[in-house]
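One chain, chain A, links the two complexes that follow: it is found with chain B in the first and with chain C in the second.
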Partner chain A sequence: MKFITIDKKNWAKGIEKSRETYRLFGPVKDKNGSFIRDLENDMLPDMSCHDSVLSVKSVLFPQTEKILFTTLDESKEDHHIMKRVPADTRQRAVVGIQPYDAKAIQLVNLNFDTDDYRDPYWCDAYEATTFVGVGINKPGPFDFSTSAGTGPFSETGLDVLMADLDNAYLAKVLTDKGGAFMVSCGFDTIADEKESRALFDILRKEAEKNISSQIDTGKLKDKTVLELHEAPFWDDIAFSCINCGTCTFVCPTCWCFDIQDEAKQKSAGRFRNWDTCMSPLFTKHATGHNPRDSKTQRVRQRFMHKLKYFLDKYDQGIMCVGCGRCVKSCPVNIDIREVCKIMNSYEKKE
Partner chain B sequence: MENPYLPYPVRIDDIEIATEDKSLKTFKFVFLDPEDEKKFSYQAGQFAELSIPGVGEIPIGIASSPVEKGFVKFTVFRTGVVTSHLHNMKVGDIMGIRGPLGNWYPWDKLENKNVVIIGGGFAFTTLRSSIIYMLDPANRKKFKNIDVVYGARSPGMLLYREELYEWEKRDDINMHITVDGTDDPTWKYHKGFVPQIVEQNAPKADENTYAIICGPPIMIKFTQPALTALGYKEHHIIMSLENRMKCGIGMCGRCNIGKELVCKDGPVFTLAQLNKTPKEY
Partner chain C sequence: MDTCIQKIREIAFQLLDKKEVERVIGFSNGTIPMATSPITIASKQDTEKLVFNSTCGLNLANYIRQQKGKIAVIAKGCDSRNIVTHIIENQVKRDQIYIIGVPCKGMINKSKIKALFEDDILKFDEDGDTLTVESSSKKETLSKKEYLRDNCRLCQHKNPVIYDILAGDPVKEQVLDVPYPDVEKIAALDADARWIHFQELTKNCIRCYACRNACPLCYCPTCFVDESGPQWVGKGQDKTDVNTFHFLRAFHCAGRCTDCGACVEACPMDINVRDFTRKLNKDAFDMFGWEAGLDQTKRPPLDAYSPDDPNDFIK
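Showing the complex of A and B:
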């Protein structure tokens, strides 16, 4: 394990230098909050951002993405034969992300990279991306990451974890990819390993002390799907929901998508767009029949997917990293921590 | 890396009106590249995405049978944007097919067993594929008795009528064709709803008998109790489900019933499996 000290005076220069090898992404603040954006020349990632509205998933899985195209011009030999939109294979680095968002990427990867099929758009982007996180010294009130299998200094899925030390960053290089990024920036001041470890440990413990809310998921595994699905509390949980879908869009682990075609004159494109299980159209059959017709069914689907189906299917914990974005963004104050508590403590009456 | 979203280019080779109300047509497709036909190696019970560039995709059960070579067939009900567009296409048009997708009827498990096939309306497509497969001279001896209960609203709404009447004449398959009603005095088959015909004609259950059901939700709802009354156990009742789908490869997230995805873990499930999942289909 290598630790590198980066004097903040050298930060901008190093980031600029990395552009020779990488296309850079990072948090950028605007009037609507912080978003992970493509960093154009001279733009620096906002390293103090610990509350990006959307997570880093959009770098690998854009809100809308053209996946195939063709010509409809019948005088062309290959008309109506679809082809892949050429992949952008340049190396990408996302710098300054919240550490648990990298864990979320690993969870979403379970869906897109399987033994049966590999989603080439996701997999290519995933392989091309280096994840540089920055530890969160003062987690906010919505953060429950430590009880969701991550934390403000979580390392899972990251290539580099950085700690913000007022005048300098201390970078913990976690993978070869991370090492290559540091080299491309020209950051090479090796820090003492023992001291650095101790420092990270102190920062992590201090940060974790600030986290005031926890969830308990310990009993979810032992309940059956039907027991939870048929439990009487879903109408109450869903009562205030307006099915806006915000929770699904801000969620770093939600991956559901729609596929839509567009034709303009003689050219056709196939696009994939983020979708949401909160929408009745999501499951509506062509016949009009809808297996999740009611709001309650849709709200139940979201929480059952995150806290039960995913857990049972992959045995890798829940499909939530505890970032608290859905809690913060929900216009009607539905709180996954509360729902988790209700589900986890539910005992079916005989 | 294989791109599972990329359809194989096909040409429409033939279009046949399948029902008297013209709401169903059977499309025969030929692969532009013969190599693609080899890659599209399927089993009876699977489905595929029919892909029309600039319009969209639809998941449809494969109606041709693995023993039929040189083409693939799909029977499509005109109901939405893509199916309406497809119904207006003509022989020679180029489009795409993505698949084969999903699992299939458990042919290994069904060897040396009696098989009862129950279908209703236009959900008979993968059942046609299955019957052709089982009746193929190379396969027929693998199965014991074959019974088929198939019903539609009226004689003109039965799919694959000529084949049905051919099978009816054979002695290695017991056909029980029915219609909800007809004023045709020459109609010589059953009249009545599928569940009722099942109750009266399906063989009694035993360890060696399996039922395969594919039909509209209402038919499935009333056929299940009929089979249970005949003594069929839940792991002897095999059903093919439908749900709204987009990707067909288990990624887009909408067709789930509990943790199972109808497109990838299904569409074929036993009743025993379904009894453990939410009824979100």
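Showing the complex of A and C:
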């Protein structure tokens, strides 16, 4: 394992240099909050941002993505034959993301990259991407990552984990991809391994100690799906929900999408857009039948998926990394931590 | 702290105790600072859960449609106007709703307060006009007057216009010489600058439709943006489609919007979608002397014919 020290004075220059090889993405402050954006020209990632409204998910899986196209011009031989929009295989690096967001990417991988099926759009983007995270020294009150199987210094899914020291960054190179990114920046001041490990350890422990918010998921596994599905508390949980889907859009682990065809004059495209189980249209059948017609059913779907179905199906913990985005953004303050508590502690009355 | 809450709880308790209503719809405390959540309660023991303070910025009129039996609802000035609109539009019957009116002292602008802090807010308290807000790095004492939502600042109907009981003494209404300064400011821009203003406004919209869903006016079983046969508007992030949603939604609210601010309150991106609706509110006022939701007996201008209609084409 290699550790590299980066003097903050050299940071901008190094990042600039990496552009020769990488297309860069990172947190950017905008008037409505921070977002993970394409860093154009001389934009630098905002390394102090630990609360981007949307997560790095949007770099691999944009809210709207044109995936196929065709011509409707019948004089052309290949009219009406859908072709894939050429994949953008240029190397990209997302720099400055919250560590648990990289774990979230791994959870989404479970769905998009399986033995039976490989989602080409996600997987191609994933393979082209290097993930550079920065540890969160002072986690905020919404962060419950440590009890969601990750943490403010989590390494899962990252290629480089950086620690923000006052005048420098200390980078822990976790993969070859990460090493290549460091080389492209020209960052090559090797730090002492033992000392660096110890320093990371201190920072991680200090950060984890600061996390005040916790969930308990221990009993979810032993409950049956039906028991939770038919529990009496869903109407009350769902009452205030306005079915906006904000919670699923901001969530780094939500992966649902909808396919839309659009045509303009003679050219047509097939797009995929984020979808949300909170919307009444979600999985509505062409027959008109709607499997989740009521608000309660929709709210139940979201929490059951995150805290029960996913857990049962993959045996990799819950489908939530504890970033707290949904807690912060929900306009009616439906709090997954509370719902988790209710579900986890529920005992069916005989 | 005088937020009428004791009175609200007493009234709710009595109503449930005497079985005059089946449920009471109000606000409960949130799990995070500066948050409250709409709640429905059916048992008088639960009336303790009710709260009312200046973070109750959502509009409870949005929660009273399609309820069974008689229900009670807590209503600020603007909420009450949306109840009137519901009655006019046959969404609820007057005798099905017991209105606990709250003379409103204004709701706070949460994003403006959040913007004062680099880090997350840990604690929020209010006492009359004094707000105390704390994060892990600093503590601020603020005057609520300075941190009211834009719509509350310009509100001329703080007292409920319709109610069965009031939970507090009526407050003094302000009368504004210039009720639409914001609209005038945008209207004064030249066409290009105005276009840029609205492009910038919706730039970060994620089309979650929280603005629509929080709005009591938006109760169509299938919204035009969700309709697929015919499809009126693309569903992706194309600028034209995003703007089409905003423009059309605003027009669907023309002559109906009470400027309650729930749409802005709900937006996860802090987009002031009222920049669209306010212009139409002003038009309704200038052309028809109309403010929505003040009178159950009058038809809204866009659904009535009048010989003195200001438009020529209709005569």
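We take it that the second predicted complex is superposed on the first by the 350 of 350 C-alpha atoms of A that agree within 3 Å, B and C clash if a C-alpha of one lies under 4 Å from a C-alpha of the other, contacts with A are read in each partner's own complex, and residues count from 1 in each chain.
Going forward, contacts are C-beta pairs under 8 Å (C-beta built on N, C-alpha and C of every residue); 3 or more make two chains touch, one makes a residue touch a chain.
Being a predicted model, the structure only gives us computed values, none of them experimental.
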item	value
Three-chain arrangement built on chain A, chain B and chain C clash or fit	fit
Following superposition on chain A: angle at chain A, chain B versus chain C, Cα, nearest 10°	90
First (chain B), second (chain C), both or neither touched by A:Asp258	both
Partner chain(s) touched by A:Thr89 [first = chain B, second = chain C, both, neither]	neither
Touching partner for A:Gln316 - first (chain B), second (chain C), both, neither	neither
Touching partner for A:Ser294 - first (chain B), second (chain C), both, neither	neither
Which superposed partner A:Gly245 touches (first chain B, second chain C, both, neither)	second
Residue contacts on chain A - larger count, chain B or chain C	B
Smallest separation in angstrom, by C-alpha atoms, between chain B and chain C in the superposition	6
Chain A residues contacted in one complex by chain B, in the other by chain C	258, 260, 262
Touching residues on chain A, where the partner in the complex is chain C	30-33, 35, 51, 53-54, 62-64, 138, 140-142, 236, 239-240, 242-246, 249-250, 258, 260, 262, 271, 273, 276, 279-281, 327-329, 331-335, 337-338
Chain A residues within the chain B interface of the complex	67-68, 70, 72, 79-84, 111-112, 114, 116-120, 123-124, 224-226, 229, 255-263, 268-270, 275, 277, 282-287, 289, 291-292, 297, 301, 304-305, 308-310, 312-313
Chain B residues within the chain A interface of the complex	1-7, 9, 32, 51-57, 79-80, 83, 93-96, 217, 242-244, 246-247, 249-259, 264, 276-281
Residues on chain C engaged by chain A in the complex (per definition of touch)	30-32, 35-40, 58, 62-63, 119-120, 122, 136, 203-204, 206-210, 213-214, 226, 234-238, 265-271
